[in-house]
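First chain A sits with chain B, and in the next complex the same chain sits with chain C.
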Partner chain A sequence: MKTPPGIREADFRRAMSEFERVIGAEWTFSSDADLDLYRDAYSPLKGQPGELLAAAALAPDSTEKVQQIVRIANRYGIPLYPISTGRNLGYGGAAPAYSGSVVLDLKRMNRILEVNERNAYALVEPGVSYFDLYNHIRERGLKLWIDCPDPGWGSVLGNAIDRGGGYTMAQYRNHFDAHCGMEVVLPDGELLRTGMGAIPNATTWQQYKSGCGPLLDGIFSQSNFGIVTKMGFWLMPEPEAYLRCTISVPRYQDLTPLVDTLNYLENARIVTGFPDIATPLLAYPPVGQVQLWNETGPPSLAPEHQALLREAKLGYSSQLEAYGMRTGIPYWQLWVSYYGPMEVIEAQWQATQRHFRRIEGASFREVDRLQLPIETDQAFAHHEPEFGVPSLRAFSIGARSPWNPTPSHGHMWFSPIIPRTGEAIIEANRVFGEAARELDMPLFQSFTMPACFWERAFIFILATPVTEDAATNKHYLDGFRKLIEVGGSHGWGEYRTAPVFQKAVMDVYSFNNHALMRLHETLKDAIDPKGILSPGRYDIWPKHLRGGRR
Partner chain B sequence: MKRSFWSQAVCAALLALACAGAVRSAEPANDTGRAVYERWCSHCHDPGLHHPGTNALTVKYKGVKPGVIREWTDLTPELVRFWVRNGISVMPPFRKTEITDTQLTALAQYLSPQSVEPSR
Partner chain C sequence: MLRRDFMLKSLSLASALPAAAQALIRMGTEPPLVLHVLVDTRFAASQHFGDAASARGARISCYDGDLTQLWQRTLQQQWRSGRGQMAGITTARGWLCLSQLAGGYHWIARARHTEASELIAWSLTAELRA
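What follows is the complex of A and B.
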């Protein structure tokens, strides 16, 4: 039997017996075969020393059982690592941050406790996936949309507390910001509710976020201060219509006014859907077409175009720009979309064009005009998450295809936040392009565009492949850590990362001698003095595992 | 050690393939198996371009086998169990909180041609 570090086998056996009495033998896992299912399928350390492994796994089906488990773990000092659906692939999966932890698998807590159409919200448990919530709403004919990330089997709650994003309107696609109210089991087994939920028999728990007094919800995201067992979310009322359009501009220098104008229009709520910037001339697709390119192959380029691309520096050469002007291939292409009554969104599109006409040579195209609702199958003809439709199409990334004869075994997401400006796109390409070449990391072709998941910043997201070869993975792992440092030296940090990179990422957030991390540790010591909850998650360690640092 | 586990598992699966004819479903209409397939497998393995599992298998088998696993004629329950619990390429394994052993047995029977149901 595997045991958590520092725990005597006899004590662990006793604790496991007590866990088993709470949840039953069927949901208490300790065999090697069962624990293999809790390894990170995309780990770059798979089968290598340092791979993060569970000592056991427990799968309760209620908050009360979570509380009982936490109290037992506290008595024995056993580290627990809660997961929701365990599908955080590319960011750590189901494996614990501290090897030898007992994974608390909350997948069986899969109740959709409420979906309220009048006030457009849902209250869910951790095991509820985007597919579950989508199907629940469809089956009942409710006029509500969810906002989902690419893989639909992820946890609505888990993705939010890992601060994931989606593809509809800005206020919904930031999943943590779209939440309203939490229920949390603290490391001593105590139960609390945040916001209005702190009032017994609250009637507005999912309608008003902050309640009164300090707003603490944030400390339960990307952290190890509590186990979130319920969470409310604001949902989007089903829009009447959808319009998707492109704005194309011809010159390299047009990128800066393109982004600035987009920022104004989105922040002013004139452009309401997911903005997506592509560069046809540099052959980089909008995020919304990455899956389509994986499925049907990238567009073919003329030999002259290919040759000019090879010669371009930071995506630019005057010859390439002239080629684009001659052939009508835009340097940059912004995809915008709108949700709402057709007469409203047509007016928003008109206003959008008026603002972009300030860029000389800007051209406009209407791509999709749809009366909603549409059937699920129809959404796949577009980019289905922009219609709140979950899928698993994103697994085309790295999967075998005619254009990818050598499939990967997963990927690690490198995803620094950079400013939402045209200059930052160029600078990130320069900085990370040079670093990737120096580190021999297969991240760049010619030029990379960031994603617009968040309203006010870009994510410069890059997939680092995981292979079957341990030496290659080690090379990429080291390179990834170096890229984090390089980003940090330019004032950029990751928005989220896998446990193997959490120390490197959190080290970047070091203002005033790591004042923020020192506060995290102060909180950890106060809330979880025995350090039983997710030790090491986001590099927040309990005192006895901190090694005297800071 | 891991390699040895894989080799054993693959051998077991191949052995099972050789003995495939011996397994038969007792259920005339395997509703559980179908439901598990629809919930966990269909999103990647149904027919059509938007299903990365189907696309990957189409390229891998180059016409020797269909890309759609429900059309395979040599899929055994043991192979289904093996891939579900071990994963392959970008497909991760599935935990017992997602697909229980009982559900996996039903899925394995549903996907195996020797336990075929008329409307599969």
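What follows is the complex of A and C.
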């Protein structure tokens, strides 16, 4: 039997016996075959000494059992690593941040406790997947949409507390911001409800977020201060219609006014859907088209176009720009979309065009105009997450394709947040491009575009491949950490990362001699003095594992 | 409640697919397990495997690479039941998706690279023991 570090085997056996009494032997896992399920399928350290592995796994089916498990773990000092469904591939999967932890697998807590159509919210447990919630709503004919990531196989709650994003309106596609109310098991087994849920028999737990007094919800995301066992989410009322359009501009310098105008229009809620910026001239697709490119390959380019691309510096050459203007290939292309009554979204599209006409040569195209609802199958003719439809389509890429000539064995997401300006896109390409070439990293080797998952900042989400070769993986791990550091030196930080990078990422958030991390550690010591919950998650270690740093 | 125990079935599908299919079918005749073969219609090797299995009475489900509808309409319910066995040939990415989803129900996954291509020959197994 594997044992957590520092725990005597006899004590661990006793603890496991007590866990079994709570949840039953059938939901207590310690065989190699079962523990294989809690390895990170995309681990760059797979099979290596540093791979993060679980010593055991427990699968309770209720909050009460989670409380009992936590109390037992506290008595024996057993480190627990809660997961919802563990589907965050590229960000660590189900593997614990501290090797030898006991994974607390909450997949069996999969009850949809409430879906309220009148006030457009849901209350769910950690094991509820986007598919589950989508099916629940469809089966009951409720006029509500979910906002899901791509792929949509993960936990609604888990994705939110990992601060993931989706593809519909700004107020829903930031999954943490769209939550309203939490129930949390604290490290001593105490049960807490946040917001209005702190009132016994609360009637507005999923309608008003902040309650009264300090708003604590944030400390339970990307952290190890508690186990979230219920979470409320605001849902999107099913819109009446959908309109998707493009705005194309011809010159390199047009990127700055293009982004500025988009920012105004989205912040003013005139553009309501997921904005998506592509660069046809630099052959980089919008996020919503990547799947199509994966399936069918990118559009073929004329030989002259390809030659000019090879010569362009930072995505620019005057010859390339001239070529684009001559052939009608836009430098930049913004995809915008609208949800709402047709008469409203037509007016929004008209206003959008009026604002973008200030950019000389801007051109406009209507791509999709749909009366809603549409059937699920119809959504797949488009980018289905923009219709609140979860899918597994991201896995349908073939063994090889022109867009994906060398399929990897996984990836690690490099995902820095940068300012939402045209200048920042170019500067980030310069900074990361130079660093990546120097480090021989397969990122930013050509001009790369960020995504608009959040309404006030851009994010690059780039896959660093995981290979079968340990030396190559080590090279990429080192390079990845260096890129984090390079980003930090320019004031940019990751929004989320896998455990193997959490120290490097959190080191960037170092204002005033790491005041933020020092507060995290103060909280950790106060809330979880034995350090049993997710030691090391986002580099928050309990005192006995901290090693006196900082 | 029945105790779940998950049996490893190491299947070498790397060569002689019809023979492998026969082995799978033999296992499929042992009640209460039923062999279910998933055919990725994009690949001839997957279709040949499905044909061989079908000729021996296996249940066949087809998909074109996107597992969404198959997951929604069939696999989710089947895997929740906690019994059965399944096999097929697909891409590494398709296999990753299947194995992760099956792992959510503690189905045990086994896979081999096929000799002729980059495709993966795989099996998934779960059993119930009283």
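The definition used in the following text is that the second predicted complex is superposed on the first by the 537 of 550 C-alpha atoms of A that agree within 3 Å, B and C clash if a C-alpha of one lies under 4 Å from a C-alpha of the other, contacts with A are read in each partner's own complex, and residues count from 1 in each chain.
Rule of thumb we're sticking to: a contact is a pair of C-beta atoms (placed from the backbone, for glycine too) under 8 Å apart; a residue touches a chain by one contact, two chains touch by 3 or more.
Being a predicted model, the structure only gives us computed values, none of them experimental.
A.B. asks: Pick one for A:Arg393: touches chain B only (first), chain C only (second), both, or neither.
C.D. replies: Both: A:Arg393 reaches chain B and chain C.
A.B. asks: Just chain B (first), just chain C (second), both, or neither: which does A:Arg108 touch?
C.D. replies: First partner only, chain B.
A.B. asks: Quick one: classify A:Arg430 as touching chain B (first), chain C (second), both or neither.
C.D. replies: Neither partner.
A.B. asks: Regarding the shared-chain residue A:Gly47, is it in contact with chain B (first), chain C (second), both, or neither?
C.D. replies: After superposition on chain A, A:Gly47 lies in contact with chain B alone.
A.B. asks: More residues of chain A are touched by which chain, chain B or chain C?
C.D. replies: For chain A, the partner with the higher number of touched residues is B.
A.B. asks: In the superposed arrangement, does A:Ala25 touch chain B (first), chain C (second), both or neither?
C.D. replies: Second partner only.
A.B. asks: Does any part of chain A touch chain B in one structure and chain C in the other, and if so which residues?
C.D. replies: 29, 33-34, 37, 41, 85, 87, 89, 107, 131, 153, 295, 380, 391-393, 395-400, 407, 409-410
A.B. asks: In the complex, go through chain A and note every residue touching chain C.
C.D. replies: 24-26, 29, 33-34, 37, 41, 85, 87, 89, 107, 131, 135, 151, 153, 295, 380, 390-393, 395-400, 407, 409-410
A.B. asks: Note which residues of chain C are touching chain A in the complex, please.
C.D. replies: 1, 3-4, 6, 8, 42, 64-68, 71-72, 76, 91-94, 96-97, 99-101, 103-104, 106, 108, 117-119
A.B. asks: Quick one: in the complex, what on chain A touches chain B?
C.D. replies: Interface residues on the chain A side: 27, 29, 33-34, 36-38, 41-42, 46-47, 59, 85-87, 89, 93-94, 105, 107-108, 127, 131, 152-153, 291, 294-296, 380, 391-393, 395-402, 405, 407-411.
A.B. asks: Touching residues of chain B toward chain A in the complex: what are they?
C.D. replies: 1-3, 39, 43-44, 49-53, 55-56, 59-60, 85-87, 89-98
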